[in-house]
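Next, two complexes with chain A in common: one pairs it with chain B, the other with chain C.
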Partner chain A sequence: MAAGKRTQDSRLTTVSDRLVRMLKWLGPFLALALVIALFAGLAPDRFLSTYNLKTVATQTVIVGLGALGMTFVVISGGIDLSVGSLIALCSVITAVALRAGHGPMTAVLLGVSSGVLAGAVNGLLITGLRIVPFIVTLGTMGIARGLAKYLADEQKVDADALGLSGLMAKSPDPAWLLVAPGVWLLLGLAVISAVVLKRTVFGVHTFAIGSNEATAHLCGIRVNRTKVLIYALAGLFAGLAGVLQYCRLTVGDPTTALGKELDIIAAVVIGGGSLAGGSGGVLGSLIGAFLMAFLANGCTLTGVPNYVQEIIIGAIIVAAVAIDALRQHRDSP
Partner chain B sequence: MLLAMHGIRKRFGAVCALSGVDLRVLPGEVHALIGENGAGKSTLMKILAGVLSPDDGDMRLAGAPYHPTGPRGAQALGIAMIHQELNLADDLGVVENIVLGREPRRLGWFDRKAAVQRARVALARLGREELVDNKRIGDLGPGPRQLVEVARALTLDARIVVMDEPTSSLSQEDTEHLFAAITRLKQAGVSVIYISHFLEEVLRIADRYTVLRDGRSVHTGAVAQTSEPMLVRHMVGRAIDEVFPRVEHTPGPPLLSLSNVAGTRLPVNASLTLYRGEILGLFGLIGAGRSELLRVLYGLDPVRNGDVRVAHVAGRDAERAHDVPSPRATGTGVHGRAPWVRLAQGVGLLSENRKDEGLALTMTIADNLTLSHLSHGARFGFVSRAWQRERLRRWADVLAIRTGGPALDANAPVGTLSGGNQQKVALARLLDMDIHVLLLDEPTRGIDVGSKTEIYRLIGELAANGKAILFVSSYVPELLGVCDRIAVMHRGTLLPAAPVADLSEATLMTQATGGAKT
Partner chain C sequence: MTTRMGLLASAVLCMAIGCSGPGADGRTGTGKQAPPSDQPQSPERSPAKEPPRTIAVIPKGTTHEFWKSVHAGANKAGREAGVTIAWKGPVREDDRAEQIKVVENFIAARVAGIVLAPLDDKALVPVVKDAIGEGIPVVIIDSDLSFAGRVSFVATDNHAGGAAAAQRLGTLLGGKGKVAMMRYQEGSASTMKREQGFLDALQKKFPEIEVVSSNQYGGATTETAYKTAENLLVRFGELDGIFCPNESTTFGMLRALQDAKRAGTVRFVGFDASSKLVEALGQGQIHGLAVQNPFAMGNLGVKALVDHLAGSPVDKRIDTGVEMITADNMGQPPMQALLSPDLDKWLK
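Then we have the complex of A and B:
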C-alpha cells in the first residue's frame, strides 16, 4: 500500500515538473492558438479568410526578422534598442539609392550592408568602451533615427521601387508562392538561424556568453569578437527588415518603425528568451512575432480599440516571464 | 533524539537522489555525514533545511513531526544551513550579508548599529572580528566568504547547524577557527551536521557519523570506534590501499618560466621555472596570491611587470597554432595575454571557483565539458554532438562523474550535478584539451576520497606524458604526496621551490606564515 502510494507520489511530482517545463515550450504555442481561436470565433469569415491570413503573414515579416537578430542578442545577455531606428535608416538608404538611379540589387545591398555596419558599430562600442548594451543601443537608436531623417531631408523619400514591391505583395506573383516572398525569406532565415544557434560553435558560444561570461572568457572563447558578430548579425536582420519595409511602403520613411524595438523584444521574451541571458530560441521568437501580428490584426478587424490591444500584449509579456520564473524556481530550488 | 529522519526519498526526474535514508542526530553532538560525490548528502540536508520537499519519508524534530515550509520555516524551527555553493550578495558588505532577511529595525528603519553589533559578536566567535569592516563581500576570497556564511548561521540561534563542506575553501587557520566555533556550539547544546570529504576532520571533530551511498544510508556509528580506512570502506565499498599512487616521471626541459612577475595588486614578485614532466606545488595561506599568480599567467588579470615565457612545443596540432597572433605572444608581454592566446599556446587553467568562473551552470554537461575546444570536434563550424557525448562518456568513466539515474544524461544542465561532480566536469574539460601546461587551482576541492586518488594518478600520468603541472592546494598532504617540488607564496612573493623530499608540513607552514626562510 505504502509502496503504491509512494510511486504514485513521485510520478505525480515528475508529471507536474514536466508540465511546468512543457508549459515553457508550449506556452507561446498555446497563446497563439488561443488568440487565433478567439478571433476566429468573433469574426470567422473575415479573420480566417485567405486574404487576411496573407496580410497577417506579411505584417509579421518586419518584427519577425528583427526578432531573429534579437534572439541572438538576448541569448548572449545583451539587448539592442536600436533596431527600430535601424529599420528606418536602412529603408531610407534603400530609397535614396533607388532615387539616385541605382539598380534594385545595388539598393538592396546598400540597405542591408548599412544594417550590418551599424550593428557592428553597436558591438564595437559595447566591447571597446565596455558600456552596457542598453546604454550603447539607446544612444545609437537616437543616432540612427537622426541619420535617417538627415538622409531623407526630414520627409518621405519617393523612389520607383523597380519591382521590389513584389517582395512584400500580399498576392504574390507567381501565385503558387501563396504568400509574399518576404514571408518565405523570414521562414527560411528562421530555419537557418535555428540551426546556427543550436548546432554551430558560434551558437554554443552565444549561449555560453549569456550563461556565464567569465566562464566563456576562461574557456578561451573570444568574447568580444563573438559579441561584435552577434550585434552585426542583429544589424543584418534589421537591414533586411528595413529593405522589406521600403518594399512594403514603396517610400523611404524616416519615421517608420518607431517603437518597433519594443515589439521585437517582446516577441523574443514571449518566445522564452530571458533578458538575463542564456536562454531563448528562434521558434519561440517567431511565434511571439506571429502572436503579436495576429493580435493586432484581430483587434483591428473586430473593432477592438487600440488601447485594449496594448493591455493584452502587456499582459501576455508578463505571463510569459512569470511562466519562465516558475520553471526556473522548480529547476534550481 | 533531537532529529530523526526516516525513509527519506527524493527523485529529480529520472535521477533518484535519495532512495530511503535514515538519519538520527542527538542533541549537542557533531554528526558527520559522509559519502561519495552524488551520494545525496546535500540533497538530504536541503530537505532538512526546507529548500526541497521530500517525495516520501517522515521527519521528527525533538519528537514533534517536522514539515518545514520553505527555508524560512526551517529557520524558525531552529535549522540553519550553510550551503555548499555559497549564497552571498556580492555587492553588499559583510554586516548586511550576515543579517540579510533578518535585519534589525528601529521604528521601521534599518538599525545599522545593532546589525554591526550582531555581526561582530558572531564573527568574534570565529576569531575574525576584523571582517566586520568589509563593505563589499565580492572582494573577499572564498575563505573569508565561507566564514561569513558560518557567522550568518551563528546569528540564527539554531538548534541544528548544517555545514555542507565548510572547509573546502578554508585555510588551516580558518579551519581551526571554525572548529573552535563548532566546539562552542556543541557546549551550548547545539547539534552540528557536518559534511566533509576530509576524513581526518571527521575523525577529529565529529562524535558520530552516517555514511550515504547511492542515495541510501548504509552505516552509522560512533567516531571513537572507527578509523579512516574503515570509513573509506563504508563509503566506497572497498579499501583504497594507495592514496597517492606513484607514477614514474622525470622532468625535462623548461616549459614555462616567469621572471619577476607582478600583477596589479598580487602577486608582488614571482620567479619560477616549470619543467616538462614536472608537478610543481604552490602552497601559501589563503590570500597570499597563489590564485592571482595563476590568473596573471593565464591572462585573466593583467601583468604589471616581469616576463612570462611559454616554450613552444613541437607537434602541437597545427589547426590551433595559427591562432597565435605574433611571435611576441610567446615572449614577453607587459599586458599579459588573453586566455584564448594562452590556450593556443597550450596553457590551461582550472579556476578555484567553478560556479562564478568555470562552469556555465545553465548549459548542458556535454557543452561544459567541451566549451573550450568545441572546434576540435566541429566540421565546418558545426558542433558534433556525437563527439561531445563520446568525450563525456570517456571522462565520466575515468573520473566517476555520476548521477543517481541509470546513465549520465549529457543534455542535463551541469548545475543539476552534485558539487563534486561539477568539479569533475570542470577538471575533465582541462584534461580533454590538447595542452601541455596545466594550472590547477585547488583541483580536488569537494571531490570524494576515491576520485581524489584517481585524479592524483591522472596528474602523475600527465607528468609522465611530458606535461607540466602547477598545482595550487591548501591541503598539505596532497601537495606532499603528489608534487616533485613545492614553492611557497608569502604575501605575494614567491619563495624558491624546494624538492619535496626536503619539505614537511611544518616547514611549509613556517614559510607560508613568513617564519624562517629556508
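Then we have the complex of A and C:
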C-alpha cells in the first residue's frame, strides 16, 4: 500500500518536474507571446504594422547585443555592471575617431576593440586581484563613464557619421534587407553565440565554471583564462553595442545608456539566466530583450504611462526568477 | 502543484493585462476582463472607431514642474482644438536613446502630429526625419533641432534669458565681485545658450566681475545638482554671486546654500520657477528668477501644429519670452500668472 503510494508520488513528481522545466523553458516565449497578443488585441492595425515591427527590432539591438555578452558572464556565475558605461565609452570613442578624420572602418574597429580591451581588463582584475565581479565591474562602471566624459570633453561629440547611421536605419538600404543591418548583426551573432555556448569547449567550460568553480578547477579547466575570455567577449558585445548606439544617435554621447546594464541583466534573467551561475541561454536572453522592447512600444501605442510599464517589467523579472526558484526547489531533494 | 502552477500562470497573465490598466488619455482599459485562457485577442476587443485626432507631446522628462506647465498648456490647446493630447516622456529622463524610442513608437501609432522638446539638437534629427517621411509633421519646443524640416520652433530666446540674468546679477553686485555659474548638463542646447548668454553679457557689461567657476555640471536631477552645489560651496568659501540655468540646478543650489547657512548672503539668480523657488524669492534667499513661459510653450506648440494641419501658414520661430521675477514684482498679476498658472484646471 505504502509502496504503491510512493511510486504514484514519484511518478507525479516526474510529471510536475517536467511541467516546471517546460514552464521555465517556455516561460519567456509564453510571456512574449502574451505581450504581443495583448497589444495586438488592443491596437491591431498599429502594433502589428510592418513599420512598428521594424521599429521594435531596431530598438532591441543595443540591449540585445549587451544581453548576448551578459549571457556568458551570468552563466559563468559572474556579473558585469560596467556594460552600460562601456556602451557610452565605445560610442564616444567611435565618434572621436570619426571627428579626428579616420574612416568609418577604423572608427568602428577602434570602438569595438576598446570594448574588448575594457572587458579583458574587467576579467584580469577579477581573476588577478580575486575580487568578486560585482565590485570590480561596479568600479569599472564609474571609470568607463568618467573616461567617456573626459574623451568627449564633457560634451556630446558631433561627428559626420559617414554613412554609419545606415546600420541602424529602420528603412535599410538596400530595401531587401527588410530590417536595419544592426538587427541582422544581432541575430547573426546570437546564432554564433548559441553555437559557441552549446558546441564548443569554451562554452562547456563556461557552464562548468558557473555550476561549480572548484570542481571545474579540479577537472583541469583553466578557470582564470576562461574568465578573462568571457569578460573580453562581453566587452566585445558592449563595444559593438556602443558603435551601434553611435550610429543610432549620430552623436557620441557620454551620458548615454545610463542604467542600461540593469535592462541587460533583466533580459538575461527573464530569459532563464540564473545569477547563481550555471544556467541561461542565448535564445532566452534575446527573448527577454524583445519582451522589454515590445512592452515599452505597446505601452506607448496604447497610451499607458511610463510608471505602469516600469512596474510590469519589474513584476516580470520577479516572476521569471520565481519560476527559476521553483525549478531549483524541485531539483533539490 | 497544479494549483501553484495555475497561480503562476494567472500571475503572468495579470501582469501582461495590468498594462492596459489606467489609460493615460481617458481611454478605458479594454483588456481588463480578458478571459484567463487561450485567446486574448477576440475580435470585439479591437477598437471599433478611431478616437479624434491625436497629437503626441513629448517632453524631456515628466517629473520637473516645468513640464507639468507645458502639459497643461498643451492640454488647453488640445481641448480648444478638439484633438487628443498624448503625453509621454522618455522612461529614463534625459536619455537621448529613450526619447528616440518614444518618437518612434508615436510614429508607429500614426499620430496626426508630434510636438517634441528634443534632448539633443542632432541625435533626434534622424527620427524626426522619419516622422516627416511618414507624413507626420513635427513642431519643436523648448530646445531647437538642427533640422529645417520642422514646422516651427516654439521656445524662449535662451541667450537673451541668460543675458537678462547677467544684467540682474551684475546690477545687484554693483559690477564687482566673484561669481560662480553651475551648468546644467552636457549637450543640452537650451541651457547651454543660457549659460553662454550669461557669460557673454557679464563679460560685456560687467567686465570687473570675476567668474571663478563655470565648468561644473549639476547633472540631470535635483539630487545630482545638490551634490555638485555642495561641493562648489565648499570649494569657494567666498562668493558674491551665483547663477544656475534651470529649475533643478537652481533648486539644488538653493538647498545647498540653505544647508551651508549662506542663503541670502550670496546674490543668487536662477532660472525657471517652482513653488519652492518662489518661496525662497519671497524670503530673500533668491534675488531673481528668469522665468520662461512653459504654459505658452505647450499651448503655442500644439496650436502651431493644429494650424499647420489645417493648412494655415505658421511662423518658423515663435518666441515665448522671458521675465525677470524679483521680490518686488512677484505680486503683480502678470507675474502671478507665470508663477502659478492654474494647472489643475487643465491636468485633471
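Methods note: the second predicted complex is superposed on the first by the 319 of 333 C-alpha atoms of A that agree within 3 Å, B and C clash if a C-alpha of one lies under 4 Å from a C-alpha of the other, contacts with A are read in each partner's own complex, and residues count from 1 in each chain.
Here is the rule we go by: contacts are C-beta pairs under 8 Å (C-beta built on N, C-alpha and C of every residue); 3 or more make two chains touch, one makes a residue touch a chain.
Given the structure is predicted, the values throughout are model-derived calculations rather than measurements.
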Per-residue contact with chain A, leading partner among chain C and chain B: C
Which superposed partner A:G259 touches (first chain B, second chain C, both, neither): second
Partner chain(s) touched by A:G41 [first = chain B, second = chain C, both, neither]: second
Touch list for chain A against partner chain B, complex: 6, 9-10, 13-14, 17-18, 199-205, 207-208, 211-212, 214-222, 278-279, 331-333
Residues on chain A engaged by chain C in the complex (per definition of touch): 12, 16, 19-20, 23, 27, 30-31, 34-35, 37-38, 40-44, 46-47, 49, 51-52, 55, 58-59, 62, 149, 152, 154-156, 158, 165, 169-171, 245, 248-251, 253-259, 295-306, 308-312, 315-316, 319, 322-323, 326
Contact set on chain C toward chain A in their complex: 1-2, 4-5, 8, 11-13, 15-25, 27, 30-31, 34, 40-42, 45-47, 62, 86, 88-89, 91-92, 94-97, 100-102, 104-110, 120, 122-123, 125-126, 130, 134, 185-187, 215, 217, 220
Parts of chain B lying in touch with chain A, wherever the complex brings them together: 9, 11, 13, 46, 51-52, 55-56, 298, 300, 338-340, 342-344, 349, 351, 356-363, 367, 371-372, 374-375, 378, 381-383, 413, 415-416, 429
